[in-house]
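Chain lettering (A, B, C and D) follows the sequence in which the chains are written, and residue indices restart at 1 in each chain.
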Amino acid sequence: MKRIAILTSGGDAPGMNAAIRAVVRKGIHDGLEVYGINYGYAGLVAGDIRRLDIADVGDKIQKGGTFLYSARYPEFATEEGQLKGIEQLKKFGIEGLVVIGGDGSYHGAMALTRHGFPAVGIPGTIDNDIPGTDFTVGFDTAINTVLEAIDRIRDTATSHVRTFVIEVMGRNAGDIALWAGVAGGADEIVIPEHNFDMEAIAKKIQAGRDRGKKHCLIVLAEGVMGGNEFAEELSTYGDFHTRVSILGHIVRGGSPSARDRVLASKFGAYAVELLEEGKGGLCIGMKNNEVVSADIIETLENNKHVPDLSLFDLNNTISF
Amino acid sequence: MKRIAILTSGGDAPGMNAAIRAVVRKGIHDGLEVYGINYGYAGLVAGDIRRLDIADVGDKIQKGGTFLYSARYPEFATEEGQLKGIEQLKKFGIEGLVVIGGDGSYHGAMALTRHGFPAVGIPGTIDNDIPGTDFTVGFDTAINTVLEAIDRIRDTATSHVRTFVIEVMGRNAGDIALWAGVAGGADEIVIPEHNFDMEAIAKKIQAGRDRGKKHCLIVLAEGVMGGNEFAEELSTYGDFHTRVSILGHIVRGGSPSARDRVLASKFGAYAVELLEEGKGGLCIGMKNNEVVSADIIETLENNKHVPDLSLFDLNNTISF
Amino acid sequence: MKRIAILTSGGDAPGMNAAIRAVVRKGIHDGLEVYGINYGYAGLVAGDIRRLDIADVGDKIQKGGTFLYSARYPEFATEEGQLKGIEQLKKFGIEGLVVIGGDGSYHGAMALTRHGFPAVGIPGTIDNDIPGTDFTVGFDTAINTVLEAIDRIRDTATSHVRTFVIEVMGRNAGDIALWAGVAGGADEIVIPEHNFDMEAIAKKIQAGRDRGKKHCLIVLAEGVMGGNEFAEELSTYGDFHTRVSILGHIVRGGSPSARDRVLASKFGAYAVELLEEGKGGLCIGMKNNEVVSADIIETLENNKHVPDLSLFDLNNTISF
Amino acid sequence: MKRIAILTSGGDAPGMNAAIRAVVRKGIHDGLEVYGINYGYAGLVAGDIRRLDIADVGDKIQKGGTFLYSARYPEFATEEGQLKGIEQLKKFGIEGLVVIGGDGSYHGAMALTRHGFPAVGIPGTIDNDIPGTDFTVGFDTAINTVLEAIDRIRDTATSHVRTFVIEVMGRNAGDIALWAGVAGGADEIVIPEHNFDMEAIAKKIQAGRDRGKKHCLIVLAEGVMGGNEFAEELSTYGDFHTRVSILGHIVRGGSPSARDRVLASKFGAYAVELLEEGKGGLCIGMKNNEVVSADIIETLENNKHVPDLSLFDLNNTISF
């Protein structure tokens, strides 16, 4: 193995740059040449590929987003696109590929592997919804960003004795809502993985009001429904001076947290090690504080991400 | 003058607690008793009034919101409400009142003054839309909060080569959009105080795209229209991969900035001085770095807040 | 079990308030009365004890430090002090105690246990140096605070082409230096758990200079030596325009991170469960993402905290 | 005027990059070519000069430090150095120079002006100690950085009932200490521009203790003496459980605040305007919210920066 490449794909996540940096530095440390592919699979197929040196990853570890850019590229689901991508890699003499992204990105890596090209996936998404790892790169930063927003909203909610519905990202997963909700002292956390009872929520808010509680914070995962829709439904049970805050895209960016940078660095270095050992078709994860790898096909097909639902029960116990 | 009171009214703003603290400490320093009124004019009429001691304002200077709470109370526009409020103040032996809030709050102070009760207004709102002052308490924090969000969104916008419409608060004023827009390097700032030409904006975005610019950030004051509406209108001129971010209530809260705490402290101490001198019917402001006061009636009736439109021109010059 | 109490002891750590909140809310949720003891073991012996209600822990989850205060109290190492403490607990009808703190605090809990009073320890310290847990409450916040400082210092170091020695807390443990160092892209991490070679460090700095690197950041654990001493020793190998930054106490405070609040909440609720089951003499930990408990005596006597030294090797690989 | 250049000199300050960006963008907007000089006057003399394009200042507005680097260069005080610098500028066809920095940098600009080369100075330093302007670029960010540290230290000080001496930068000026001290609710602010009485400070701390105050925060400007020295002297009057925190270099870096970015943008654009009008030998300032310019020689020779000492009196009134 003399040359490897790296691309980022799917929604950007804080820590992607730290992972790229680790791949580049570990690769160069071990005597490899490392190439960067711009715009994910779209750039792969288009041949938007350039050599990365130490200086290219300088002053990047602290930056959000991905300096290799990302792009949606549904065409990579076709065999034609995949073969074209492999052709480009071969043209540059590249023998192994690291892909950072969510499950869409993993499917691309899986396809390349099926065609015989070694690809390794690093889980990078704020949503934490990738099987094969306890935590994805970007999740820790995202929950801290949401938490900052919750802390700010609490000021206003308390000052005006209001109920806030705070809609947070997460696609179909409730992880961001769960972690940020517990950390933010949410009165209620509403996630796709668990039923909710609007009437019970209304009663709980009223009970809090009755005993003098000033604010009520409901953290709602976007996978359940939109914040405005939720507030409207809630309003049929009473007037709780409800306001809606849809955090949206501010949760994606920002300088990565310490943990995300460490996670990304570990993942990046390990991805290079796997390729050096001639291994491909693997996805990397952090399981019980250990960096592990697993068959990417099996992981995607046989595993399903499940959030830490003990947090849901915990919140019901301590936020009543 | 032996007893004064303080209330916060209207939307909460970071630094209100610092102003309350300054009023309480300056008052006690000078031998006065200081009372706090909960829930603004509603609490005034209801008699929700308590004495504040040094310890009550301890550990408050860094907190967002208002620990005296705020509330909407349209009933205070009636003479009946106003007289009831004065009755409550007299019941507690209170001889002067400090009101912190926006222009609604000033109207209340003006009414009390007209009934012969000395009231002094401190401009406290994130919107900066109060006549008689260059800056309001809360504005500096708000623009920094918006700026953080813009910096985060830039990461994502750049990574995905997208256009973002970032809707910010400000009611009918463009101050927040102007300051945060210039500070955030916005490509375009859209405010109520200035016309905009959607076609020209679209052309500018396209021109940026053509020369390789990755992101485009449009900061939109809510006083113009909603972010989604704006994006829809923009989309009739081309597909700019536009996303909308409505910052909303996260801009209200948060620990106040250094400048807001200093401003609030100066205003609070000066308000007490004015009452001690037997003056009422005044609103306080910062003009050219000097703390000043002016007739509250005249200020509200004859002056109109105008944002620093030189920022609009500056941005057109340096963000082309 | 009808009444339990909680105290914080040793150096304060962000998240202690979240843990107290969880103990109080979980306890009340389960029908217990919960008491708070001020000033750690000193307050225990002095009987500075009061009942805590839901409202007492409102608006506390986001606050750094400990609202129950902490204090050094070497006298609790004596049997006399311990028996006096138990007497006070009995006077209030308290049947179980939760102690949050570092290893000194654990020794107190161990002593109470030996005297037959059920005490459960929650690891709360920024230093992460407690056996029986992968992470302590406060560590995650501390490494993010250090990281912010490193990011700031990098700006200045790059602008002036300087070497910075950044001394961080951690007592005898290198955890903070390791995590913040990897996350901050430190050129060198110097910790008590690993030898260092000053000459080799000097050569590495010179090599970076030679290839055009602008800044050099050395993260130094206080357990090795002081920053000024280190810089002086380094200067005997060459002039690297070295500056020293001793982060000190700013690393202790601050609003806890999402992860610290979640960890603290889990620990707090679990501590109450253990006491409810009649269990004492235990310390709580997070091992491989699971909340666990272990004999406090055995844990302290037979286990030694070891930092994740794989981070040290990782950094040598990716920061060369 | 066809070509202008820009350099940064002296200690780096947040917002320098925003000023460079404004100079480059305003210049290009008006049809000029803009050159960047690396490493301040050292780079000027060495001819380390390159053309800057729009893309060179992209993604820079939010970054601390200066991407043109800075350096000490006492040799520029000699006529030989100055003439060599002018020679380099002429070699590149540069007809006007913008200098961003502190008073040392202004002396360089003054010398160039005396030799007939038009130079305009922008005040950029965290210390706020430049005559001719109310505020310098970097000051607002610096006071907010100090404030964050104070807020963190307050957590620990309160938790342990301690006195903290917080030493802050500012060279011979007390501005940072004054503003951050008032904003942080400091019990005492000690600055070079005002006498202090250690015995009175000790008595005030004791009085606070006596009435139950938990923490005591003393903000000390480095221009008075070092924090450790101060604490030692204080300790001769009693044991106040004093700790020292020397903030040092963390105050220099960091992403600039909204206000610093706006100030820097205004200054940068105005500097270009002045050069376009054929004016040199001027320094720019913000006076009473207006951007102004003045003779750089006269300003340096006849004016002395004085901090807002009303803040000192205010603090004595509200922090007793």
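Assume a contact is a pair of C-beta atoms (placed from the backbone, for glycine too) under 8 Å apart; a residue touches a chain by one contact, two chains touch by 3 or more.
Predicted, not measured: the structure shown is a model, and the values here were computed from it.
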Fewest touching-chain hops separating subunit B from subunit C:
2
Please report how far subunit C has to rotate so that its Cα atoms sit on those of subunit D, a copy of the same sequence, as a value between 0 and 180° in steps of 5.
180
Please name the chain that ends up farthest from subunit A once chain centres are defined by their CA atoms averaged.
D
Which integer distance in Å separates the CA centroid of subunit A from that of subunit B?
35
So, in whole Å, the Cα centroid of subunit B is separated from that of subunit D by 28
Subunit D residues touching 2+ other chains are 151, 154, 158
Between the chains shown, work out who touches whom and classify the graph as line, ring, star, complete or other.
ring
Throw together a list of every chain pair that touches.
A-B, A-C, B-D, C-D
Enumerate the contact residues on subunit B facing subunit D in the complex.
18, 21-22, 25-26, 29, 54-55, 58-59, 61-62, 134, 140, 143-144, 146-147, 151, 154, 158, 179-180, 182-185, 211-213, 255, 257-259, 261-262, 265-266, 268-269, 288-289, 308, 310-311, 314, 317-320
Within their complex, state which residues of subunit A touch subunit B.
8, 12, 14, 63-66, 69-71, 145, 149, 151-156, 158-161, 164, 214, 243-250, 252-254
